[in-house]
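Comments concern the structure below.
When the chains are written out, they are named A, B, C and D in that same order, and each has its own residue count from 1.
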């Protein structure tokens, strides 16, 4: 059979996972990890050019194409980052070789699961994949085996399982709604079929289904009040995983939500999913913005900022319309890149300072200029200041919203402003002021961090027309 | 053509910023960066001058940057040309000054890149011709200047200043975002051309103007949004303070003018009421705050607030006249405002340079530790004196001209039909007059305590004259102050294209007037001739001097000052800044700042010193900002409890969410 | 030809004010003395004082700077130019358009600015007291003055002093409320600006009560002479301002013949005499007030001026 | 399908709801375990019945899993745990039985209201089944949030999951049902093992979730 890039995106991580599970030795496995992610990235990129026709189980269209490329790219950079990070963890003895082996295997499994969830053409399959992703991350979060890590993992596990259950119920309901129209069997779970026929589905069933899916997958997205697992999971797990969580897993869950939103959009009689997403989005935004103020742990701080931005993105997609959707996509991409870059920086900072307490780090721009300025640049980006990409998305979002729904825009801007104020309050005590904590030389890999930031910067100033056309197309799909 | 040059200059500045990052560690980089930015600013200054004086037709340019389907639009018309001139003049003098001043910088790597980028940002703001590019450059300008404020991050005040500044800046930008969102409409017509074409409804335009007033005003420093300004401007290195105070606030004024006069559509008369009221308040509050200060740079920063108020008075009047179909009066008011923009950028930069020179010479910003510097640094003392006279609106210097024009505009306003304005404008005029007098008082204090008298500290005694670059920059600006003061006609005529473009009317040409005097409306009504006044004063002064020295004695003896019978008075017995301001504090401060004085006078025979303590409260911070801060803190604390719930409680959150949504469903359908 | 004549007249005016100023001061002193049943110094005493002072050496404090020595000339120049622009016996002077009423006030303001600096230059506490109180008084007197100018300008439709004066002389000025208010305010401001009783006492020698005198305490010799001269110029200026605004009779319009000009000059001198007498009478009949009552005094002036302006704004008939 | 099939399916589903209420009512762990075993039993029965009437043999697998794993293995395992941990037999509840019951009533009513809006286009069996399944799910969730004790919560979660399986099997011809039920069994196994782990590694002296929660993220 001819080698199909789509299967490649799935196969490579799977095989790599198996190999890594078998292989001992940090050096080889880490390299292999990078190699695998590189290959996956190449496959994903090739999706731009040759795209297979949607099959029964797998589907690639513009929408999830975006997500796949983003996922594989961040997966790649993160693996490069973890090369140095995990090495340091080994030296300091926080992780023992068996755990490192486990970590690498799990990393690939996670990649596999996320890719599967993205390109699955079957709502059941997607559900399974997301559950798999969740369980792997649970294991990774608990990998340090400390009180806090176990507690975080446990919390994540319980809440995640409930979310999974709710999502499953929603999925079943969708099937129930589809069956009378499409007939029994797999066809009634295929995106391609569902979207075309959704107009005839039973609206009441769709509504209930969406409520469950919103809560189920919303838990993974980390929307308030379903967010509880997110900060601890980010804070206690190894930093590469925090980066992947914030940068990717949340997106994947969001992707699922978007799919179902499209489904409901087709059905005129069903309730409009927009307002629900807008409400949850604004709730998460404002809530997270206020939560930022009392954070003492640097990773938890940025975890909450992820909640905030997920809220913004959900808001944008909830508003809908070409401009808002475009802004949402852009914001999501920029947030993935920026937030993972921030976590790369934070990981190294926590390693050199030997702590995650903000109170114990200070004057970073003097002790570690590169890390310090990278962090500042990241925070500036995440705060939506030019010349970085998020400024554009927030510009489009706020202006387009204010013309349509001024009050919502007011809430949005209020949340953003409160969040920015909090972020810089913390940044001041981290990057400026009297130097505190160790000023030992950091052996860090700056490449992934700055690669991300460079991309974000470039996007803020100039976006290639091809990408724009792509995004606009997707925005059109989202309606 | 000129636009292309200006854009190229901006790009060059950005490149220069990159250079500053890369070779910042070499000591030579200071000279390189400042020298290069001086040249670049000069080039772009010439471009702006050609555009404005040549009265060339405005033309635009679109680059494939920014919002993809929109592109980055740039346009150089009379208004932006004028502000480009202001920006580049400030940039030139600041760079020249910094050629010397920058040598004292301890951490040049924290200054150089952002300095160049800051200049580029300001240039781009005045060139931008669509909402995105405008706000992009606007916020970029704020960001870079924030970085400059943070250039000495070990000082806690600087960190706090930078924080307040950044938050206020984001607030302003988001408000402007609203304004543009309003003007662009739901289908996103972001270019200014489209906004000009689309005529917004009166209510919509009014809202946009209000938002612009808040957004641009918070950057310009109108009361009560000024709180960041006196913190941030002094915290930056002095040449940057000069730029922030003298130029960046003007860029903010540009933003307001652009929106209020061009984009917000035909004005309604009551728009101006808001602007005028705020402006009057700003003027007086600014100068009163300044009078209470004894930190030299902070005092100057508060005077920026005052002058911004004066500028906005002019703009408000212009709006009022324009709305009531009095284009020529509107042109007069607008010209007055813009001329004051120019003048203020001159003497405020000059004064901040002086403060910087004092800072490098003595390491002191607190006036109470200075004094007698006129003996150690006579040249600096001279130019700063010129600056003080100019900002106090004393003839024949430039500050007086613009305030005089503003007064003339006020005197035209009885023609306004609406009662609200009839009652408001005289009050504003009174506030303007009051602030002018208070400003003079304040600069007597500032100059007298800093440069005159006897040195109060060893640092002040050991002061030495500053370097030649700094002096060159300061003399350059001082000369300009005098030139604008005695030949205002040329500058007023240069502003004619701007008012023609914005209002369709201009002031009568001034060049033709006899003896180079300026005649705003008609010779029979009012006229002023700075040149003649200057000549008369010099003539009669020298005449008197000559006569007396010739006919009477010119002998001179040095003797100790009259000590009232108490020998060897220590410098501590001089009047300090606080004591100098005491009468005015008693008159105005008691109810504005709730200023209180406690005198602790020991009984006779008790040897401990008597002390006088003054405490002053900032009403605006206390009533506006403190509650906000507290409120956010409380909310954060309340919500923070949610971080510490048990898993079960979190589950119940999920459960409640589910039930609520289901209920919604049940009720909804 | 006309130009030359105008030049001559302008010169005459300048010299006239310069020469009349000390005489006027002397006159006021004399009248005051007489009202107090004293003999009083001769009328020409101020001239003698000035000459004597210019002959003496200047005793300069060690801590005085170059600015301290320049300031007397600056102050004198500013005051003289201002005084030269106020029409005394003839309107439409050659250079009258070079500075309108606002500019004249500003000129006096700059004189005060530098004088206050001089007070701070030597670095003794008396100078400090003087200048800080001076600027406090000025900070209220100037806006009041501006308000008065507004009123007049709105009535006459011009800030050009000679035009205002001509308008005042012309019959279409009736009795107006705003004018009355402006007059009272102007008198109060004039008293404050010239440091007369009850605001300040020009003849005091107790440092703690001095304002103007404390400021110039360190001056001596020719410098002091210039200061004295410019203060009497200032007094004259205000009186002739009052005269040409509120008693504009006898001021000749431009292009009047020489004899009428002489008549105008005579009228002017007469007005001065009346003004001086009234001033002396006022000063002898009232006591000096505490420094911190002055703001209230001037506040009243400011309010009156503002009220007058408001009335003018609201309706042209006030 | 014939009337009787429908009635039996209906009966089984309804009894499932009833048993959920019983679970809510229990306040002793052993009793709770037994009731849950019954819950699983009834579920197995109803799944088997569905397999029979839909003649979908693969559903028998699910039924078998439900029977062996949920009705036997898990209860026994939990029984062991309880004995091993010697945790006190009382179940601390957040709200009293009465309140919990009332809330349960409300939830059932809610699910009925929500579900019965569904048009009759979907066949009635599916509709009724869904209504019951939804109530079971909600009751399970309610149990999780009202029980302080981890074992109680596990049982709550499992009954929630029973509701899901009920719904899945009720959905005629739904693919992946077996896989899903397997996946869920794995999930539950994880949870149980998790409790074990915590015990064995001496991390937490009791499995009371509140104590597990002692380490709140932000240490002051």
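In this section, a residue touches a chain if its C-beta (ideal position, glycine included) is under 8 Å from a C-beta of that chain, and two chains touch if they have at least 3 such contacts.
The structure presented is a predicted model; accordingly, all values stated were derived computationally and were not measured.
Engineer: If we define chain centres by averaging CA atoms, which chain lands farthest from chain B? Would you check?
Structural biologist: D
Engineer: So using the touch definition from the top, which pair is joined by more C-beta contacts, B-C or A-D?
Structural biologist: When the contacts at B-C and A-D are counted, B-C has more.
Engineer: With chain centres defined as C-alpha means, what is the inter-centre distance between chain A and chain C in Å?
Structural biologist: Here chain A and chain C have centroids separated by 78 Å.
Engineer: Between chain B and chain C, what distance separates the C-alpha centroids? Give it in angstrom.
Structural biologist: Distance between chain centres, rounded to whole Å: 35 Å.
Engineer: Can you work out the whole-Å distance between the CA centroids of chain A and chain D?
Structural biologist: Each chain reduced to its C-alpha mean, chain A and chain D end up 31 Å apart.
Engineer: Counting in whole Å, what is the centre-to-centre distance of chain A and chain B, each centre being its mean C-alpha position?
Structural biologist: About 44 Å separates the centre of chain A from that of chain B.
Engineer: What residues in chain C touch two or more of the other chains?
Structural biologist: none
Engineer: Please output the residue numbers of chain B that touch at least 2 other chains, ranges allowed.
Structural biologist: In chain B, the residues touching two or more other chains are 643, 647, 651, 654, 658, 662, 665, 669.
Engineer: Considering chain D alone, which of its residues make contact with at least two other chains?
Structural biologist: Where chain D meets two or more other chains at a single residue, that happens at 114, 117, 141, 144, 153, 212-213, 217-218.
Engineer: Where do chains touch, given as pairs?
Structural biologist: A-B, A-D, B-C, B-D
Engineer: Residues of chain C touching chain B in their complex?
Structural biologist: Contacts found on chain C: 51, 54-67, 73-74, 76-78, 80-81, 84, 95, 97-100, 102-103, 106-107, 109-110, 112-113, 116-117, 119-129, 131-133, 135-136, 138-143, 146-147, 150, 153-154, 157-160, 163, 207, 217-218, 221-222, 225-226, 291-292, 295, 302, 305-306, 309-310, 312-314, 316.
Engineer: How about chain D: which of its residues touch chain A in the complex?
Structural biologist: 114-115, 117-119, 121-123, 126, 130, 133-134, 137, 141, 144, 153, 157, 160-161, 163-164, 167-168, 171-176, 179-180, 183, 187, 190-191, 194, 198, 203, 212-213, 215, 217-220
Engineer: Provide the residue numbers of chain A that touch chain B in the complex, in ascending order.
Structural biologist: 154-155, 158-159, 162-163, 166, 203-204, 207-208, 211-212, 214-215, 219, 225-226, 228-229, 231, 271, 276, 287, 290-291, 293-294, 323, 363, 365-366, 380, 383, 385-387, 391-392, 395-396, 398-404, 409, 413, 416-418, 420-422, 424-425, 428, 431-434, 461-463, 465, 468, 472
Engineer: Chain D touches which residues of chain B in the complex?
Structural biologist: Interface residues on the chain B side: 643-644, 646-648, 651-652, 654-655, 658-659, 662-663, 665-666, 669.
Engineer: Would you mind writing out the residues of chain D in touch with chain B in their complex?
Structural biologist: Interface residues on the chain D side: 94, 107, 110-111, 113-114, 117, 138, 141-142, 144-145, 147-148, 153, 209-210, 212-213, 216-218.
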